[in-house]
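What follows is chain A paired twice: with chain B in the first complex and chain C in the second.
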Partner chain A sequence: MSASLQKGIDVLKEVIDAPVASFFASCVHCGLCAEACLFYTETDDPKYTPIHKLEPLRRVYSREYTLLGRLGKMLGLSKPVSDDELEAWSELVYDSCTMCGRCSLVCPVGNDIVYMVRKLREGMAVSGHAPQGIQEAVKRTIEIGSPMGVKWPAIQHVIKDQEAETELKIPIDQPGVDVLVLMSSMEVINYPEYLGALAKIFHKSGVTWTLSSEASEATNAGIQIGVSDLAREIVARIVNAAEKLGVKRVLSPECGHAYMAIRWEGPNLMGRPFPFEVVHVLELLDELRRAGKLKMKDQFTTPVTLHDPCQIVRRGGVLDAPEPLLRQVVSDYRPMPDGNKWNWCCGGGGGASSIQEPAAEALRFKAFQVKKRQIEASGVNTMVTFCSNCRIVMEEAVDHYEMKTQLLGLTELLAAHLED
Partner chain B sequence: MNEIQLLTWVRGPGLNIAIGVFLLGTIWRLFEIYSLGRKQDIAAARARAGASGWHTIFRRSLPAPGLMQRSPISYVGGYIFHVGLAIVVFLFAPHIMLVQGLTGLSWPGLPSPVIDGVTVITLAAMLVMLFDRINRPVKRFLSTFEDYATWALTFLPLLTGYLAVKHLLLPYTAMLAVHILSVELLLIVLPFCKLFHAVTVFGSRWYNGNINGRRGVPV
Partner chain C sequence: MADHGTLEQRLAQQGISRRAFLKFCTAMASLMALPPGSAAAIAAALAKAKRPSVIWLSFQECTGCTESLTRSHAPTLESLIFDMISLDYHHTLQAASGFAAEKSRTDAMQEFYGKYLLIVDGSIPTKDGGIYSTIAGRTNLDLLQEAAKGAAAIIAIGTCASFGGIPKANPNPTGAVAVSDIVKDKPIINISGCPPIPAVITGVLAQYLTFGGLPELDHLGRPKAFYGETIHDRCYRRPFYDQGKFAKTFDDAGARNGWCLFELGCKGPTTHNACATTKWNGGTSFPIESGHGCLGCSEPDFWDAGGFYQALSMPATPLTFATGAAVAGAAIGIGVSLANRAKKSAAKKAHQAATLDDLEK
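Right, the complex of A and B next:
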């Protein structure tokens, strides 16, 4: 057994806890999780059944933590998990799982399958079986500070542009303010107007805020690949900056996995509660709306539908903010079938969008077909969302299928119609 | 060993062994699973009505939106089989008398013809579900020897019980002995295979409801 494989198996042994054991003990192979997974429903290939994606973890659980499994191991009746097996599973654990968590909502015995995928990834990454695309994103985040290699000068450039655009000052490293604003590299590169939108809204509503030159990146590739040590290092940058500046709140941007990383995994990675509150940008905007501080000068009249990002809504619990905020700014909202916590993934979450292999890309487009049907069922050509990764993944798929769908970010839409 | 001797054995030492293995096995497995514990979630929880482990224990008994259409046999067959099995096991008068003899507890049962009807429906549901397991690509793909063996071990007590009551195939005494023996086999394997979901299903649903409930998501 190679050293890295041994390490991987040791990590798997370590991450198996009572919930995992209970989940594996409860599975009756009913296959219903497949019906909730876009990679199965759009391909009809049974290998994409979510519980099957966990087979290496189940085997380690069985061999190490059950009476019969240990007996079988002693008598040499069961083979240990091998490098070949983990390599073969890489496609199932990364390419065809976006950690959207829809399977965890349907399992009749109650298994939280995505909870286990997150754990299996720990062993996959340590044993060297994570896809290269995600490995590189992690490396760039650790070395440069951004999964896409965005450096501070590039952000400064965006800040200048947005200051010129909005005629507002964008504060940097300002201590004692209400909110530390984080960005995702995707926003810096593709949707810099998000920053200008925040500047406008905060100016109008009197929220004091700042960016940090030491921690601007909110996403956490360490979590997506499944290496908690690196994930902790990435979260720590934000925590240190927020504590240094003494802010009350840290604002997670329109990015699903960033929210999951800071709000829910963050304190657990650091091993302590935060002295500040982590809020998603929509939570803050909805708070302003309810306080009457987010008034619109006019409404967006084009009919729109809404895509709920998995990590923010189904897995993150921001269930009530999106629709009222959207209704605040649009006059014709047409919900798509399976909305809110039942929404279908864009196909590119959980690091999947950073896997560049042609087969993985083709699979993403295939999985997008369910989203395509949802959009078509809504009957409109404009879709609003609030996750930059969802947005870029869907924009690529919309082009691929030559659809007419236009995508908009909710924060920018609100800012564009904000009362002067 | 003749029929009477066999019946005497399965009713006496056989039953004791089976119940003993079942109880010790259940305790062992519960310890094995739940003593693993878990790390405390430090992230500040978000409270929301309906989002908790207890809610999920009940809520998960209902099909998720759209899934009934996608896999109707799993749900309809699953409901009929589970409810039917519970009725036959706990509401058949001789079963209640057996429990009364062992523990002193007793409750009213259902008339024999009703139990007969429920048994036939339950057996039919199980056959349909076996067909579905073989016919449906996902289920066939996931299925191992254990899935078919546990199906058979659950089917046999129902079938032999029905045959015994109806005096079919074998003399009553022999069929009753086979029936009890099949139940004993089921009791012995239950803690060590997927049938143990009968116990862990509550813990699993609770964990899922709790993990997601802390984030304010009712699952």
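Right, the complex of A and C next:
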């Protein structure tokens, strides 16, 4: 295999740009990002301070692109970034960072720390320091088409089941429709009823839609591991399929990182604007709600609270859709403290949930304690969310802590109470 | 010297009226920043005060402090009140000499043990066993240690006694130190200045006689009432400083118009003393009024604190410097940015698309 330190350093040299330079130059070392990071607040370990996680990137920046750093390098005063150092940082860059973006939000000088973590991962990945779990997810995505190894026949199976459940036809490879629906493998395996829910809602509201047999996977492990070349290949499948079918819109599923990948990173990876619009399923549902096309027959009466997925709300900008949609279907909504853009991550985003090492898993559970406190503060046992990855991670943690919390997906909840 | 009668009696004998005495007390109260009502209290206390025994030891000094006190003011009340203490030993002022003089010192030390006030001017040499200054065959160090034992309090008069002063100036050949470097177990008041203002000396004495205690001191052991503010803060030329009007030479238009002497080396901003308010020579003036900057003589190590005519800090000729810096900065910036661009585009050109193989070593 061909990963090497030199490749890693070369890539870092390539990805360091003006924003990175200005971020490092303007950091005032205030430490506010530490207080914003769940891996720091739940462990009190200063190594989890977000800006510290970027130390190898800062070193490369300093040695290659600053006057003093170059002098130091020339005179042999500073040591080059080593393989051992990158290996030591792997835990900080992958296990303990979910790219939730809370640090970027609180930074008083406006440093986008996640933006830099994303760039540092580029160097970590090609120098062979990405965790094995994420490496395997990337391999499966490139080779099979899904990070979890889901193949088209498995999806066909889910389609059949949901067609039987809803008594509605689920269209495949239908050109010229309004919406190309994407799925995440987690939905195919864990929450197939999401597909049925969409079928019901679209049937009722008259939205024309289709699945594509060529591109059904919305998630992008290439972005999570930090290899743009692979991420581009993955996102190109969707773009090609959507262009071939000539759809107006591509619908990102409930998965948070999928939305980040297609909506925000996608056009940059492809280097051109898309001829179609990318919307998150909640954006589309809220549009239908505002048009009066999403009427409920009854309401869900159990008290619920809401978990806002980072990539959709804080980083994705879908700030205003979730609450009105939730209020549409539930009668007793109890917001949790630090909701909306201030929410705390489930602990498993950014590829972290695919890292299988016991230490990483234990750290995820530890980090979940902040979410646990939030749930407890809301005082209810039912939590609605709209990201399948959040949902799986939190269900595992709920079991781990033997909590009574039950998790629900917002789209399914809406479909279940939809007017007949 | 044996007469330890009350101050009022002594003043009457000297022909000082009660009215003059009260005026002095009011002046002292205001100098020490005490409330107006305390003037009466000072008068009452002083009138009844017994003359305390005072032993004055002079070490490595120039007698300027004594001069300041006795000559410049004589025969004003300040010097008279000084006369009203029982000065049992003072080299310069005493009539006695030789064994008789030393005897009067040891007698006073015995009789008033634990009660006498010890005044010291001059620094104490410590190098080579202190042999650089001796009196009656004994070193200053020895004399000070002996006299300090029975003292109620010590007043270090002048910058030499307070901080080491000129004898301590670089290279300090005699190993001169301040009183407070030697005596650690007695209250010490530092009345610094080269020389100190006479009214400050009498003010501290009046306070001691009136209240029996020491005044509030700053971090250098100086009475806050007199050393609480800088010369600069109370200087009558301060408005010119605020307006940025500075004399550039001692005979330019600025100097003639009385502008700020900062650029000519005035140490007023860093010097704590009462010169600008109390003034010298019976309230006539102080150095800055005579057109010369403050030397900073009441501060430690003033002799070694750069030249007397060197400004504390100088703004660089602003425009020239800023332009030069901007041009140099821009040039370096452009150079670095060109180099960085080249490096980044080279890295881009060398980019080989990453494959799955690149994820593992």
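Quick note on the criterion: the second predicted complex is superposed on the first by the 417 of 420 C-alpha atoms of A that agree within 3 Å, B and C clash if a C-alpha of one lies under 4 Å from a C-alpha of the other, contacts with A are read in each partner's own complex, and residues count from 1 in each chain.
The rule is simple: a contact is a pair of C-beta atoms (placed from the backbone, for glycine too) under 8 Å apart; a residue touches a chain by one contact, two chains touch by 3 or more.
Please read all numbers here as calculations on a predicted model, not as lab measurements.
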Based on the superposed arrangement around chain A, label chain B with chain C as either clash or fit. clash
On the superposed three-chain arrangement, identify whether chain B or chain C touches more chain A residues. B
After superposition on the shared chain, which partner residues are touched by A:G128: those of chain B (first), chain C (second), both, or neither? second
Check the residue A:L230 against both partner chains and state whether it touches chain B (first), chain C (second), both, or neither. second
Is A:M1 in contact with chain B, with chain C, with both, or with neither (first, second, both, neither)? second
Determine, under the contact definition given at the top, whether A:K13 touches first (chain B), second (chain C), both, or neither. second
Thinking of the overlay built on chain A, is A:V138 touched by chain B (first), by chain C (second), by both, or by neither? second
Taking the superposition as given, does A:S22 touch the first partner, chain B, the second, chain C, both, or neither? first
Touch test for A:Y65: chain B only (first), chain C only (second), both, or neither? both
Clashing segment of chain B (vs chain C; choices 167-175, 185-193 or 203-211) is 167-175
Contact residues common to both interfaces of chain A (with chain B and with chain C): 16-17, 65-67
Complex contact set, residues of chain C against chain A: 332, 336, 340, 343-344, 347-348, 350-351, 353-361
In the complex with chain B, residue positions of chain A that touch it: 16-23, 25-32, 34-36, 40, 44, 46-47, 49, 51-52, 65-68, 104-112, 115, 263-268, 271-274, 277, 314-317, 319, 338, 341-342
Contacting residues of chain B [partner chain A, same complex]: 28-29, 32-39, 41-44, 46, 48, 51, 56-57, 60-61, 63-67, 70-71, 74, 78, 136-144, 147, 192, 194, 196-197, 200-201, 203-209, 211-212, 215-217, 219
How about chain A: which of its residues touch chain C in the complex? 1-4, 7, 10-11, 13-14, 16-17, 64-67, 125-126, 128, 130, 135, 138-139, 142-143, 225, 227-230
